[in-house]
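First up is the structure itself, then whatever we jot down about it.
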Amino acid sequence: MAKILYNKQILPAYYQLGIRWENLPTIEPGQFVMLRLTKYIDPLLRRPFGVYKILGQGARGKGQGIEILYKVLGKGTRLMTNLKPDDEVDILGPLGNSFSAHSGKTNVIIVAGGIGIVPFYLLAKRFKKVRLLFGGRSKDDLPGLDDFKKLKIDIEVSTDDGSRGKKGLVTEIIAKQLSGNSLIYACGPQGMLKEVARIADKTGIPCYVSLDKAMACGIGACLGCAIKVKGQGPWVKSQENKSAIRNPQSAIYKMVCKDGPIFDAREIVWEEI
Amino acid sequence: MGRDIKKSEVIPLPPPVEKGGRGDLTLDLSVNIAGIELKNPVMTASGTFGYGEEYAPYIDLNRLGALVVKGLSLQPKQGNPPPRIVETAAGMLNSIGLQNIGAGVFIEKKLPFLRKFDTKVIVNFFGDSIDEYCEVAKILDSVDGIAGLEMNISCPNKEEGWLEFGTNPDLTFRVVNAVRKSTRLPLIVKLSPNITDITIIAKAAEDAGADALSLINTLSGMAVDVNTRRPKLGNVIGGLSGPAIKPVALKMVWQVFKSVKLPLIGIGGIMTAEDAIEFMIVGASAVQVGTANFVDPQASIKILDGIEDYFERNEVKNVKDMVGNLRV
Amino acid sequence: MGRDIKKSEVIPLPPPVEKGGRGDLTLDLSVNIAGIELKNPVMTASGTFGYGEEYAPYIDLNRLGALVVKGLSLQPKQGNPPPRIVETAAGMLNSIGLQNIGAGVFIEKKLPFLRKFDTKVIVNFFGDSIDEYCEVAKILDSVDGIAGLEMNISCPNKEEGWLEFGTNPDLTFRVVNAVRKSTRLPLIVKLSPNITDITIIAKAAEDAGADALSLINTLSGMAVDVNTRRPKLGNVIGGLSGPAIKPVALKMVWQVFKSVKLPLIGIGGIMTAEDAIEFMIVGASAVQVGTANFVDPQASIKILDGIEDYFERNEVKNVKDMVGNLRV
Amino acid sequence: MAKILYNKQILPAYYQLGIRWENLPTIEPGQFVMLRLTKYIDPLLRRPFGVYKILGQGARGKGQGIEILYKVLGKGTRLMTNLKPDDEVDILGPLGNSFSAHSGKTNVIIVAGGIGIVPFYLLAKRFKKVRLLFGGRSKDDLPGLDDFKKLKIDIEVSTDDGSRGKKGLVTEIIAKQLSGNSLIYACGPQGMLKEVARIADKTGIPCYVSLDKAMACGIGACLGCAIKVKGQGPWVKSQENKSAIRNPQSAIYKMVCKDGPIFDAREIVWEEI
């Protein structure tokens, strides 16, 4: 059991939850934890949350822990809003894979939609130079923006309603950012990811996406969080366009919790997501 | 270009606090089921514990009475399209669709790891024809490190218009009888609860030569997203598990206990030691922990600890004394 | 000496806040089931709403589409020994044992009160023989203020070794057919979920002349007190209701929707408007709210309000457009 | 929804819960309410609690409400211990009947075991003279004793372990209190009630008991809280002893929530409680 340090509402629907975690294990950017929110049976299952920040990093001992950035969506996250300092939660993790690095790709672009910002705080800190394209429905859907500003990285913001940054979808501002040297990391709503993957595919730019699927076990045991990925044959460069293809016949299911949550965008059968 | 996604090592939770002195106690939780000598009556249920290795970082597998692996078929199976799981009130629906790596790959890739533990491995399996059941049973029969087989008969039979084996006593008899002849391993038959009278199927399995029965498998159910008006499961219908189904499972174990002589393994919504003991009282010689593993990877161990406590507190000498001792 | 225990008047909760302007909307929630014209699809389920009058202090009965009274038999029935209820995970077990005041007393003592409301009264009834079913149906047929009958066929038949009517298609046909000939009232047949294939029973009821089907009744279940090792219900076995059973109920409604033409009334674990709409999407033309009444006496009204909101938000014009519109 | 005013632990297992209740209806001694403890579905059903005190009685307006005195037993009552001021609970009530008065009976004896004390605070205040026999397992099971002391009534205390008052069962001190003019009101564990009823029956003293049965609806609709009572024929004085009897053949079920919770002890079929 881990103690809550703080639970701070930062925007109408978003909270930052500090959790003390003794003997904090190594956590890689993009990894997540499964939180058990109650001793009662409603909600029954754990809920997955990315690790947004590591608290007291470097300084061993006191203050170690993690910060979760969460959006209030349903039963579980509503329950989380009641957590207060010294309450306890049960953490399982860290779980899942991390982002792949690509040597030589210097134009690193992060595309985040709303709560999809979570995996990128730890990731952005790993790069000397990185550009964040951050979209939200409105200015109230850009959680953590201030944290990223402090990292002094390039940020472009867009909102559907124009209440902050460019008006429009974040995917509309990707194209002009791309170069032969680009590498995209993306996380956000499925529609956004699909579009980012399409753009990356068309331009032949490597792209990694972090996916969100309902989970039960979080450790690859229940086979619940399946997504369809293309078969395991070798990648082939398509003749018509720059996209890499695999034989779709040999498509198989991978588990978001164990094989992911981060996948090469080209691997995914987007039609069946 | 690094196309392979780098796996970060999964760092285990702190190991469970050592229970001091358990070894000194004379408490005997061992139980023999279908000829399998279990050191205690707590197993993990098929499909909720992967192939065992997934949980190895989180619990001491050696403490389990047995572990039951994900249901195997002759060939690997892809399973159903997502979404495959959805939470429901005090339960969950799954439509995994029996995805598995196949019996052969299991023996080659997963069993060697499991052999390292001092825990009985029970292999759950199924087929879509009597022949496939028998073939899988034969393959599993010949290898070391498998303590027993658990037949999942909640599977449609392609030869009989996809009627489920486990919902028809005649089919149940035929498939169990055929498998019985294909293996010398202890044979547990796992019953479906989606049935008018489970005792009829239980008797058919007993007559056909089963050594034990396990029950229940999941209840058929569904869920709908009212915004999209789509089923919440890719497969529309799935199986309900978790605390929600415990009352149904208890009742079926009790019914079956009164109608057959075979030892029973109780399954369905077991979250705590009390739940497990309820199953023993209505006639289960052992229990399987399913959905609870997801909620708490250490659930099975905590349940075992709780059973030990209960036995000590109530001066129960051995498992047999608890089985079916309901005061009606 | 004051031997009679003085009854303190039960003081009602504050009445529900008036929903302004509902009357002005063109929203039409009316639905015709089995020839019964309901102003909306929300009913209360038999056995969970007494004879209606118990809830009159807490909700405006006039707002309900219909209310279904506690199941009646020819003679008053005492019911089962206590304990009769126990809470389970997201549900409850009951073994009331069909205690009721009898059809005659109902007509004399309870119906006059219900006639005062602008709400359809549906009378749930049962018997332990085909004759008793018919006799009750005849008695109810002749009186004013009853909009329709709901036959509970989850009852043991004393003439056939206490086999439940509703678990055998032949028995179902015979009892429904006989009742059909005994009454001109709209006839709803309420199905049991404790069955391998509910569509067979549904078809038997349809063939026998039912005007509509309601489903599901409770799932069979039990619970044990591990301290006393006694069943938690005096009757050992009881019926499971509440949110726990919703996935099972939805699946059965969907199955039956695909196999018969009769209008369906969805029942099982409905706590919210979303739950009710899930049932409509899988094929229910109306719903019954059961256990939720205990949790919140105003549940049925809140569900109705929520359905109105959903219809408005999604521009659904009438109930028919929702029924069975699952996107598979 | 009603607001919590306070939630005070008074003994290791006992709490006093103040609930604000606007437009408080008339509540008679012995009546109870059904509390819905959560918006989640665990625990699903309401829980019954007697009304221990009425807050701000007389003074209309502010401060109106009730006080619940509860014992932590299981899931629901454990959840209640988390309630804090300004949290909201859903109250249904007041429900049930009240105590019958008997003119001419001047030796009023209240027998309470542990949490069975609850219905008697409001009742005791109605009498000029009343004697309380209060038993508990130990001194930690005498909730509300201080409140009763302030009423300046006669109190005799007993505990099973002798940690306060007489050592022994409360039923052991009843006999010597009885006179021809006695009237007993009792509430507590079933074993205690049975014994009190037996004593009253033997001595022919009128006795009313408040019963506890698991409830679902609380209003007589579900028929879940049944207890067996003797038939409705006229009372007959038994020839052998002073007890009144009815034809046990005609026994029927009554509902604790609606016909009770208070019953004439002679009415109950104690063997089947």
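Things worth noting here:
Each chain gets a letter, A, B, C and D, in the order it is written, and its residues are counted from 1.
By definition in this document, contacts are C-beta pairs under 8 Å (C-beta built on N, C-alpha and C of every residue); 3 or more make two chains touch, one makes a residue touch a chain.
As the structure is a computational prediction, the values presented were derived from the model and not from experiment.
Averaging C-alpha coordinates per chain and comparing to chain B, the farthest chain turns out to be D. For this pair, chain C with chain D, the centres built from the Cα atoms lie 34 Å apart.
If each chain is reduced to the centroid of its CA atoms, chain A and chain C end up 47 Å from each other.
Among all residues of chain C, those that touch two or more other chains are 89-91, 242-243. Among all residues of chain D, those that touch two or more other chains are 41-43. Viewed as a contact network, the protein chains are fully connected, with every chain touching every other.
Considering their complex, residues 38, 40-43, 75, 79 of chain D touch chain A. For chain B in complex with chain D, the residues that touch the partner chain are 89-90.
The residues of chain A lying in touch with chain C in their complex are 41-42.
Taken together, the chain C residues at the contact with chain B in this complex read 88-91, 93, 167, 194-197, 219-224, 226, 228-231, 236-238, 240, 242-248, 250-251, 254, 269, 274, 277-278, 281-282, 310, 325-328. Considering their complex, residues 1-8, 10-11, 13-14, 47-50, 54-55, 58, 70, 78-79, 81-87, 89-92, 94, 96, 99, 242-243, 271, 291, 293-297 of chain B touch chain A.
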